[in-house]
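Working notes, structure below.
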Amino acid sequence: MKFARNITIGQYVYKDSVIHRLDPRVKIFTVLLIIIAVFLVKTWSGFSIIGSYLFTNIYLAKVHPKFVLKGIKPLIIIIMFTLLIHTFTTQGEVIYNIWTFNITREGIQKGLFIAVRLFYLILSTSWLTLTTSPIALTDGIESILSFLKIIKIPAHEIAMMMTIALRFIPTLLEETEKIIKAQIARGADLESGNFIKRIYNFLPILIPLFITAFHRADELAIAMEARCYHGGEGRTHYRQLLITISDFIFFIITLLVLLIAYCLVF
Amino acid sequence: MLIHLKNVSYTYNLNMPFETVALTSINLKIDKGEFVGIIGHTGCGKTTLLQILNGLLEPTSGQVFFDSIDIHKNKHKLRELRKKIGLAFQYPENQFFEENIFKEIAFGPKNMGISEQELEKRVKQSLEIVGLDYYSYKDRSPFSLSGGEMRRLAIASILAIDPEIIILDEPTASLDPQSCNKLLSVIINLYQKYNKTIIMVSHNMEIIAELTKRIIVLEKGKIIMDDTPRNIFRFSIEKLENIGLSLPQVTYTLYKLKKMGKPVSSAILTVAEAKDEILKLVRKR
Amino acid sequence: MKGNFLIKFDQVSHFYDLETEHKVPSLLDISLEINKGDFVAIIGANGSGKSTLAKHMNGLLLPSEGNVFVENLNTKDWGKIWDIRKKVGMVFQNPDNQLVATTVEDDIAFGLENIGIKLEEMKRRIDWAINIVGLSELRNSEPHLLSGGQKQKVVIAGALAMHTSYLVLDEPTSMLDPRGRKEVLEIIKRLNREENITIIYITQFMSEAAQFKKIIVLDKGKIISIDTPKNVFSKADLLINLNLEIPQITKLARELAKYGLDIPTNILNEEEMIRYLCLYI
C-alpha cells in the first residue's frame, strides 16, 4: 500500500509567498483578531473592510481560489440555512409576505450579517491552514501556550501529543484500510443496514484499530524513554520560530485595519 | 480453469495528482489444485495482485474471471466469491477483535450465513487443521496467544470459511523458526491433504522453492516469469539474479559451481537434491 | 585503561511477577562483559531472555539481583540513567513505532532536544548522523513514506547523533524485506568498522548471527555459550535442541559430511561451501 497514500494533512499547500513565510504565531493571532472583529463589527462598511483585508491576504498567499472554495463548499448549506432562518424569524419592518412568512428588513440584515460572518470565519481559518504546515501550527501553538505555563498549562505535552498525532495519522489510515480489507475478505458487510447496525458492523474495524494504536503507543513510549525523553523540562528546540520585521509590520497593519473596521459607524 | 486474469491493469489514484501504476497487462490463469508462489521486490505489485485475485480491488482495465464468470459484473457474484477465496494479509493477527477464539473464528462463516450448528463444526475443524486444541483454546482471548499461535489462529479464521482457494501474503513474516516450521506444515497439509489451491507471496526463496509448484515473478507491475521452480532455476537463473532476487542458498551454490564450469545442474530446490547432485559429481571423479 | 569501556553484567537475575509466589525468571545469573568495539550477536529461542537482556543494557529494565554497569555507571543509579542512555542506544523491532516526528531530520533531532543540546551543535550532529546512514536526500521526508530499512536507518541515525558508543539492536530486521535487512546489516558493520561503535545484535536468524565476531547463546535465561560463530555452529545439535534455525547451507554441509565428505559442518555461507567443494570436484 506504499504508493496509495500521499495524504496532505489538513489543507496545507506549499507556496513561496510572503504569507507562507510569516511566523505561525502571528497568523494564529491574526485569525483570533479577525474572529473577534467579525463579531464586533456591525456596519456594512466595516464588513467590507474586513472582506478586502481577507481577500488581499488570500491573494498574497498565492493560493489558488479553488482551494479556498473547497473549504467553503461543505458549509454553504449551513450558511444558506442560517440566512433563511434569520430572514423569516426576525421581528421588524415587514417588506414582503409569502403565505404566513414575513420577511423583514431587520431579518434580511441580520441574516446577511451572520452569513457574512460565517463566510469570513471560514475564509480566515482556511487561509491559516492553507499557508501554515501542521507542524508549524503545532510549534506556534506550543509557543503561545508556553506563555500560559504560569497557569499550569502543559504546553510541551500538548505540542508533543499533536506532533505524534500528526506523525501517526497517515500510518493509522493505512492500517485502517488494511483492517477494512481484511474484514471484508472475511465477509464483513460495511455498507448495508440501518444506522445502528452500521455502527455495530464497524466494531471489527474499530477494535483492532484501537488495539494496534495502544500497542504502538506502548512501544513508542519505550523507544522515547530509550532516547532520554523525560517531559518538557530542559528540552531545547530544533525548529525555531523567529519573529522578523515582516511579521511585525503585518501584525501592525492587521491591527490597524481591524480597528478602523470596528470604528466605522456607518 | 479457476481464476483467469485477462489483461488486468491497476492504477492507484487514477486521474488524480498521485496516480501510481501498480499492475500492467497481467494475464494469468490459475487452475484448481495448484500451489503458486509469487515473488518480487517490495513495490512490484504483489499485494495489489492478491487483492485483484479475490476481488477486493477492481481492475482499472481488464477482467477477472472465476469459473468463467466475470466477478465484477454483479455485486452478488462478488459476495459469493468471498466464500470461495480466503485471503490472509500480512500480519493477519492484526484483524482480531473478538473476546474469545471461538467467536473470532466464527466471524467469517457467520457473515456468510452459516448456521449455528455448522459454526461449531467449522471452528473445531479449523482449529484442528492449524494444530490448536479446540477445547483448551476456544474460550481464550485471541490476544493471550504467542506470536506463532496468533498467526495460526488467523489462518484458522480464514479456513473456517471453507474456501477452495487460500491466498497468503507473507505468511511467515516475523515468525521465529519454530513457529515458522509449524505454520509451513499446516500449509503443506492444506495443499496435500485438503486439496486446497494455494497462492502464496513470500520473500523467502527457500520456502518458495521447496513448497510451490509454480512461481510467478513480478517486476514493476508486470509478470516477467511464470514457470515451475525447477524450470526457472534451470533456464532463467541469471534473470533472477539480474533483478536482484536472491536464490535459495543451495541453489545459489550449485549455480555458482555451474558458472565455474562444473558439470552440475542448478535446477535444485532442496538440501536433499543439492546433496545428491554434489555427491554424484564427487563420485564421478 | 581499556577496562573501563564496557558493559558489564555481574550475576544478574531478573524475574517478572515478583509479587506472586510464582517467580518467573527471565534471566538467571548472567555474567558477561561486552567491550567497546565489540561486534556481538545474541541468539536464543523465543522466551530465552534476549529482549530482557537487551533492555537491561540501558536501564529500561533493572536487575532483580546483581548489577549492570555501563562504563562503571550502575543502571540502578537513577541520577545517571540519562548518561547511560546517551551511551547505549537502542533499536527495536518495529520500525514504525520508534519514529516520533513528522520528518526524518526532526526525528533525529528528538533525542538531542531531550538532552538539551544547543541548536548549533544539534545541526552539526544531525548533518553528521544523516550522512553516515546515507539519508541526506530524505531529510525532509515523512516517516510513512519510507521503506522499513530506511526507517531503521533513521532510528540508527538518531542514536548516532546522541554520540552513542554501544548500539543495541533487538531483532531490527524481523519486520524488514531482504533489501531492508541487507541495508541494516551493512550499516552496522560499517559503524563498527569505521566509527568503532560497539554493536550488540539480537536475532533469531543464524544466517545473520554468522556474520558477527562473537555469539552469545541464551536458553531459558541462562548463557549457554559465548564463542565465535564457527565454534557455536559446530555444535549444530545443540542449536537444534534450542529450537534455533540452521541456515540451509549449513544443513547441506552436515548432510554431505554424513555421506563421507570431509567438509566442516559449521559452514555458514555459500562462498565457504564452494571453496570446500572445489577441493573435491
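Order of writing sets the chain letters: A, B and C. Residues in each chain are counted from 1.
Convention: a residue touches a chain if its C-beta (ideal position, glycine included) is under 8 Å from a C-beta of that chain, and two chains touch if they have at least 3 such contacts.
Just so you know, these numbers come straight off a predicted model, no measurement behind them.
Contacts between chains leave no pair untouched here, as each chain touches all the others.
Contact count check for A-B and A-C (C-beta pairs in contact): higher for A-C. As a whole-number value, the distance joining the C-alpha centres of chain B and chain C reads 31 Å. The distance from the centre of chain A to the centre of chain C, with each centre set as the mean of the Cα atoms, comes to 44 Å.
Residue positions of chain A touching 2 or more other chains: 2, 6. Chain C has residues 147 in contact with two or more other chains. Shared contact sites, meaning residues of chain B that touch two or more other chains, fall at 42.
Across the complex, chain C is touched by residues 2, 5-6, 134-135, 163-164, 166-167, 170-171, 174, 215-216, 219-220, 222-230, 234-240 of chain A. Of all residues in chain A, only 1-4, 6, 175, 178-179, 181-189, 203-204, 207-208, 211-212 touch chain B in the complex they form.
Residues 12-13, 18, 20, 22, 42-43, 47, 51, 54, 56, 82-83, 86-87, 89, 92, 94-97, 107-112, 143, 157-158, 161 of chain B are the ones that touch chain A when the two sit in their complex.
Against chain B, in their complex, chain C makes its touches with residues 45-46, 93, 147, 174-175, 177-179, 204-205, 243-245, 247-249, 251-252, 255-256, 259, 261, 269-270, 273-274, 277-278, 280-281. If you check the complex, the residues on chain B that touch chain C are 41-42, 146-148, 173-174, 176-180, 203, 206, 244, 246, 248-250, 252-253, 256-257, 260, 262, 271-272, 274-275, 278-279, 281-282, 285.
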